[in-house]
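The following pair of complexes shares a single chain, chain A, combined with chain B in the former and chain C in the latter.
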Partner chain A sequence: MVEETPWQQALRYANRANPYPFYEELRKTPVARQPDGTYVVSTYREIVALLHDPRVSSDPKKCPAPGAARTQGSGEPAAEPIRQVLTEPNIIISDPPEHDRDRRAMMPHFVGPPPAPRWISDLEPEIRRIVGGLLDAMQGKSRIDAVDAFAYPLPVTVICKVLGVPLEDEPRFHRWIETALDALDFGPEAASEEIQSRQAEGRQAVQEFGRFAAELLDGYARQPGPGMLSALMNADGQDARMSKGVLASNALLLIFAGHETTVNLIAHSVLTLLRHPDALEQLRRRPELIVPGVEELLRFESSVQFWHTRSALEDIDIAGTTIPKGAPIFLVYGSANRDPERFTHPDTLDLERRDNQHLGFSQGIHFCFGAPLARLEVQVAVGEFVRRVRGPRLVEDPPPYRHNQIFRGPRHVLVDIDGISA
Partner chain B sequence: MRIVVDLNRCQGYGQCVYLAHEVFRLSGQEALTYEPNPDEEQRLHVERAAAACPVQAIVLDRLDGTEGSTTP
Partner chain C sequence: MTLPATVAELVREFRASGRIVIVGASLAGLRAAEALREAGFTGSLTVIGDEPYEPYDRPPLSKQVLKGWVAADHTKLPRMREVDAEWRLGVAATGLDRAAKQVCLADGERVPYDRLLIATGTRARQWPNAAEAALHGVHTIRSREDAAALQKELAASPSRVLVIGAGFIGSEVASVCRELGLPVTVVERGAAPLVGALGGVIGEIAAQLQRDHGVDLRCGLGVSSLEGDSGGHVRQARLSDGSTVDADVVVASLGSIRNVEWLEGSGLASGFWGLGCDAGGRAFDINGVVTDSVYVAGDVARAPHVLYEYQFLAMEHWDNAVLGAEVAAHNMVNLEPRYRPHLLLPGFWSGQFGVNIKSVGVPPFGDEIVFTQGSVAERRFAAAYGRRGRIVAAVAFDHGKWLEYYGQLIERSGPFPPPPPGWDQPSDSKPMPAEFPARGAPGAAPDVVLTGHDPSERTAEFRPRRR
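Let's look at the complex of A and B:
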C-alpha cells in the first residue's frame, strides 16, 4: 500500500477532532497534487490569491468530477451525492456573470431594501429571546449537550424565520441533511463499504430536499407569505427573476448553509472556550471581547474547512507549481487560518488578536452570504453562554465528531454545569 | 468617536453596512460612504463592523488614544 499524503490523512475520520498536525505537514507543499489529480492548496497567501483569480471557476460543470481524475492515478473515488444530484446551479457553485446576477437578486431580500439594510440587526431581540429560552431550559440540570440543547436549536429556528420555512418541517430536512452529509467523503475512506453503502440514500435525501424546496416555493407562488423565499419567488421589477429551478437550488443552499455552519461554530466555540479556561475567564470579565472573540473562533475552528467545487479554467502557475487547466482545486481554509506565515502563534487562541483577517467566511465573490447573520447569532449565543452558565466543564475531550470533512463539527459536546444564572 | 476607512483596502463586501447601518452606507454597487464622527452610542455597532470587515479596512479611535482595528 502506498503511503498516504498529509491531505489524505487529514481527511481520515480518526483525525477529525484534530486535523491540524496534518495541515502543518501539508503546508510544506503549498500547492500539493494528490494521487487523484486534485490540487490541494493549504497556505494563506496562495488561497487568497486563488480566491481572487478569475482563472479559477467554482462551477463543478467546468471541472471533471474527481471521479474522472481518479483514472489517472491511484486515488480513491470521492463520494459526492450532492454534485451528482444537484442539477441546477446556485450561487456557491456558479461563476460570473450568472453568480453576480443571482447574488445581487437575493441580497436585498436578505438584508432589506437599500439604503437601509437593517433586517439583520433588527433580529437581535428575537435571537436574544431564543438564546435566553435555551439557557433557561437548562435550569436544574447538571449535564447538558451543548450541541443538541444549544448550538443546533438557535440557528435552525432563526433560518426558518428568515427564509419562511415552517419550523415543523425541521425534522424532515434535518434528516435529509444528515444523510447527505454522512455520504459525502473526499478521503481514503470514500471507497469503504460503509461510505459506499450510504451513497444511494444520500442521493435520495438531496432529491427529497430539492423537492421540498420546490414545493415550498410553489406554495409561496400561490400564496405569498413571510420571509425571504416568498419575497424571492414573487420578486419583480429590476431584479431579474431567477428560474424556478435555480431558485429552488438556492433555497436548498440557504436552508442548509444558513444553519449548519452556525451550529458547528457555536459548538466549536463552546468546546474551544472550555479548553481555554483563561480565555473563558477573560470573556466573563470583559463581555465586549465577544466581538473580536468570535472572529478568533472563526479563525481557530473554521466551520467550512475547505471547498471542493473549484477548478482551473487555464493553466495556473502558483508557488512553483502549475495547476493544469481542468484540474480540481481544493482550498483548505482551515489550514490557511493556522498558517504561521500569516498569523502569529496560529495555534494559540487570542480573543484580542489584531489584524485577524481570517478566511472563516472565505473571501472574494463567494464570501459567505450569511456572515452578518451568523456573526450576530454566535456573538449573542456564546456571549450569553459564558455569562449565564456556572462552572461549565467538558465531560469528554475530544468529543465525538460528525462524519463530514467540509462542514466539520462535534456531534455532541457534553458539559457538566453547576447552574444557570439569571 | 472617530473612524477612518481605508478606501484603498475596502472591496465593498458591505459587512459594515449590515452591522452599523447608521454609520456606513453603500452607494451604488460598491462605493462605501460613512460618517467619520459617529455618536458615541454607535460604538458597539461600529466595533462590530470593524471586527467584521473581511479586509480590516476600518480603523477606530480608542479611549486610551491608541488606534486599533478590531478591539475596543
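Let's look at the complex of A and C:
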C-alpha cells in the first residue's frame, strides 16, 4: 500500500471538518504533482501567479486528460457528473474571448453599469426583511439548526428573486444539486462502492436541472418576466446575446453558485464565531466590524476550497518545478488563505485583519461574479444573528459536514439559544 | 550609555516630541501624515497647502466630475485614520531656509521643522500667451475649482470644445465631451494621442478610437493663437497650418509643471522634473549629497529605480503618491538599517471612449511592442513593451485583469516577447517598433519620465579648495 499524499488525505471525508493540518503539509511542496498527474498548488503566491497566467486554461475541454483526477491506480476517470453532462460552456469553465464576451453580457444585468447600477444595494431592505423573518421564527425555541433554519433559506430566496427562478421550484433543484454534489469526489474515496453507486443518479440530476433551466428560459422567451434570466434571454445588442445553450449553462451556474457557496459561508461564519467567543463579543460591541469581519471569515473558511477545471496549455515553470503542457491544475484557495507566508498568524481569526486580500472569491478574470451580492447577504445575516441571538452555544463540535470537497460546509450546525432579541 | 542606546533614545525622543512639517496637502501629503501617526509619531505635525480645501481626489476631476455625475466638492479623500495635525490650508510655502530649518509661508510666517516632507506636486501648464489664457472659456484642469468651472461650461452646451494636447487629460476631456454630445476638436502636436506615454503604435489605436467616437482629431498641428470676441470670450483658434477652429470652450491640456520654484535658493536638487531623492525618499542637495532631514514624495519626487537601470523616474501616478508617501513617512521616523525603499512598479489607468486603459512598467523605456492577448480590432487587448530582449512594460485596453501577470514578468526581467497565451491570441503577434517620439519632439510628455542618472539635473558646482 502506497502512502497517501497530503492532498489525498485532505480530501478524505474523515478530514472534512479540519483539512488544515494536511494543507500545512501540502504547502511544503507548493506545486505538488499527484500520482494521477494532477498538479496541486497550495501556496498563495503560486496560486495568484497561475490565476493571472494566460497559459492556464479554465476550459476542461482543453485538458487532454479530462476527468482531471483519476482514481489512483485504477485509471478510471473520477466521478464528475457536471462535466460529463454539461455540453455548453459557462463563464467559470471557459477562456477568453468567449469568457469575456459572456461575462460582459451578464454583468450589466447584475451590478451595472446602467440600467442596474444600484440593483444589488437596493436589495438590502429585502435581505433584512428575510433575515428578520428567519430570526423571528426562532422565538421560543431552545435549539436551532443554523443551516436549515438560517443559512440556507436566505441565499436561496434571494437568488431566486435576482434570477427570476420561481421559489416554489426550490425543492426540486435543491434535490438535484445535493445529488450531483454527493456524487462528486476527487479523493481516494472516489472509487468506493458508495460513491460509484451515486454516479448514475448524479448525472441524471444534472440533466434534469439542465432541462429545468432550459424550460425556464423558453418560458421567458415567450413571456418576459422579472429577474436577470429573462433580461438576458430578451437582451438585444451586439454583445448582449448569448446562445440559448450557453445561457442555460450559465443559468445553471448562477442558480447553483448563487446560493450554495453563500449557505456555506453563513454556516461557517456562525460556527466560527461560536468557536471564538472573543470575536463574537467584539462583533456585538462593534457591529461595524461585520464588513472586515466577513472578509476574514471568507479567508478563514473558504466556501470554495479549490477549483479543478484548470490545466496548463504550455509548460509552465513555477516554484522550482515545471507543470507540463496538458497537466490538470488544482488551485487550493482554502490552503492559500492559511498560508503563513502571506497572512501573519493565519490560523488566528482576526476580524480587524489588515491587508486581507484573501482568495475566498478567487482573483483574475474568474473573480466571483456574485461577490457583491454574497458580501451583502452575509454581512446582513451574520450581523443580525450576532445582534439578536441570545446566548448561542454550539451543541456539537465539529458538526457533521456535507460530502463535497470543493463546496465545503457543515450539513447542520446545532445551536442552543436563550432567546431572540428584538 | 553605549552609542546604540543613545541613538535608540534619540529616535524615541524624536517620535515622541519631534516636529514634522509636510508641504503639500493633497494625496501624498495626507497619506504621509496618516502613515506618520500610524508609525507612532506623536510629535507636532503641520500640513501646509496652497489650496483652501481639505485633501481631495484628482482622478475623478477629468471624468465623473466633468460628466456631471459627481459634484467637484464631493471628491474629498477618505481618511484612513485620525492625523491630529495642524492644517495650514490656503497659504502657499514660498521658501525654504535649510540652515534655520524653517519653511517660509506666503503670509510671512516661518514654520520650524526637525524633518520636512515635500509633496508639492505639480500644476497644470497654462496656455503660454497670458492674454489669450485670460479669455473666458479657456481652461486647464488640475484643481477642483478648475473642474467645477469647466463642468459648468460643458453643461451649457457650447457649440464646440477645442482640446489642445491629446495626452491622458486631453483625451479624457474629449471623451467626456462626446458622451455629453458636444462637438469636439482635438489638436495634438505629436503624431497621435498618447504617443508620449504609450508610443505611436498604441497612439494610432487611440486616434482611431477618438475618430470613431466623432472627435475631430488633428495631429501634427499646433495652435498658434486664440481669439476672443469683444466681450473677452474665446471664439476661435488659429492652427499652425493656417486653418481656424470655432470654439467657445478651450481646454489647454499641455502637461504639468513641478511645483519647485519655492525651493529656489534652498540648495536642494530641484529642477524641471522635480526634486531628486534616493529610493527611500531622502532629498538630494544640488551636489548629489543626500540630506538627513528633507524628504520628498508624490508627483514632485524623482528617484532612481532598480528596474530601469537606476535612472531617476518622475511619476505622476496616484499609487506613486500613496506608496511614496508611506515609504517617506516610515523613513522619517526610522534610522538605518530600518529604512525602506520605494520599489513601486509604475502603473496608471485612464477611462476614455468606453475603454479602460491601464499600464504597468515604464512604456517609454521600451523600444519594441508586441500584442500578446485579445483583439486590436475589437479594442480589447494586452500588449508588452520590450527593450533588448526583456519586458519593461505592458498596456491593456479593457484587459486590466491581466496586468498582474505582466507586472510579475517585468519585476523578474522576464523575456521579450513574453510567452504567448494559450487562447485568444492576437492575429498579429510579431514584435514591432513601439514608435516613441524622440526626446524633445512634439507630443505630450509621458506621465512617467526617465530623467537620467544625475540627481540634481544640473552640473554640480566644483569649488577647488582654497589655500
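The criterion applied here is as follows: the second predicted complex is superposed on the first by the 403 of 422 C-alpha atoms of A that agree within 3 Å, B and C clash if a C-alpha of one lies under 4 Å from a C-alpha of the other, contacts with A are read in each partner's own complex, and residues count from 1 in each chain.
Here is the rule we use: a contact is a pair of C-beta atoms (placed from the backbone, for glycine too) under 8 Å apart; a residue touches a chain by one contact, two chains touch by 3 or more.
Because the structure is predicted, anything quoted here is derived from the model rather than measured.
Peer 1: Using the superposition on chain A, tell me whether chain B and chain C clash or fit.
Peer 2: Taken together on chain A, chain C would clash with chain B, as the superposition shows.
Peer 1: I'd like to know which partner A:372 touches here: chain B for first, chain C for second, both or neither.
Peer 2: So A:372 only meets chain B here.
Peer 1: Check whether A:97 is in contact with chain B, with chain C, with both or with neither, and answer first, second, both or neither.
Peer 2: Only chain C; A:97 stays clear of chain B.
Peer 1: Quick one: classify A:140 as touching chain B (first), chain C (second), both or neither.
Peer 2: neither
Peer 1: Mind working out whether A:292 is in touch with chain B, chain C, both or neither, as first, second, both or neither?
Peer 2: In the superposition, A:292 touches chain B alone.
Peer 1: Of the two partner chains, chain B (first) and chain C (second), which one does A:55 touch, if any: first, second, both, or neither?
Peer 2: So A:55 only meets chain C here.
Peer 1: Should A:121 be classified as contacting the first partner (chain B), the second (chain C), both, or neither?
Peer 2: A:121 sits against chain B, while chain C stays out of touch.
Peer 1: Please work out whether A:391 is in contact with chain B alone, chain C alone, both, or neither, and reply first, second, both or neither.
Peer 2: Touch partners of A:391: none, neither chain B nor chain C.
Peer 1: See if chain A has more residues touched by chain B or by chain C, and give me that chain.
Peer 2: B
Peer 1: Under the stated touch criterion, which partner chain does A:313 make contact with: chain B (first), chain C (second), both, or neither?
Peer 2: second
Peer 1: Touching chain B in one complex and chain C in the other: list those residues of chain A.
Peer 2: 363, 367
Peer 1: Would you mind writing out the residues of chain C in touch with chain A in their complex?
Peer 2: Per the touch definition, chain C meets chain A at residues 372-375, 380, 401-402, 404-405, 408, 419, 421-424.
Peer 1: Of all residues in chain B, which touch chain A in the complex?
Peer 2: 13-15, 17-19, 21, 25-27, 29, 44-45, 47-48, 51-52, 54-56, 68-72
Peer 1: Where on chain A is chain B touching in the complex?
Peer 2: My answer: residues 104, 111, 114-118, 120-121, 288-289, 291-292, 294-295, 352-357, 361, 363, 367, 371-372, 375-376, 379.
Peer 1: Can you check the complex and tell me which residues of chain A touch chain C?
Peer 2: For chain A paired with chain C, touching residues are 48-49, 52-57, 59, 62, 95-97, 100, 313-314, 363-365, 367.
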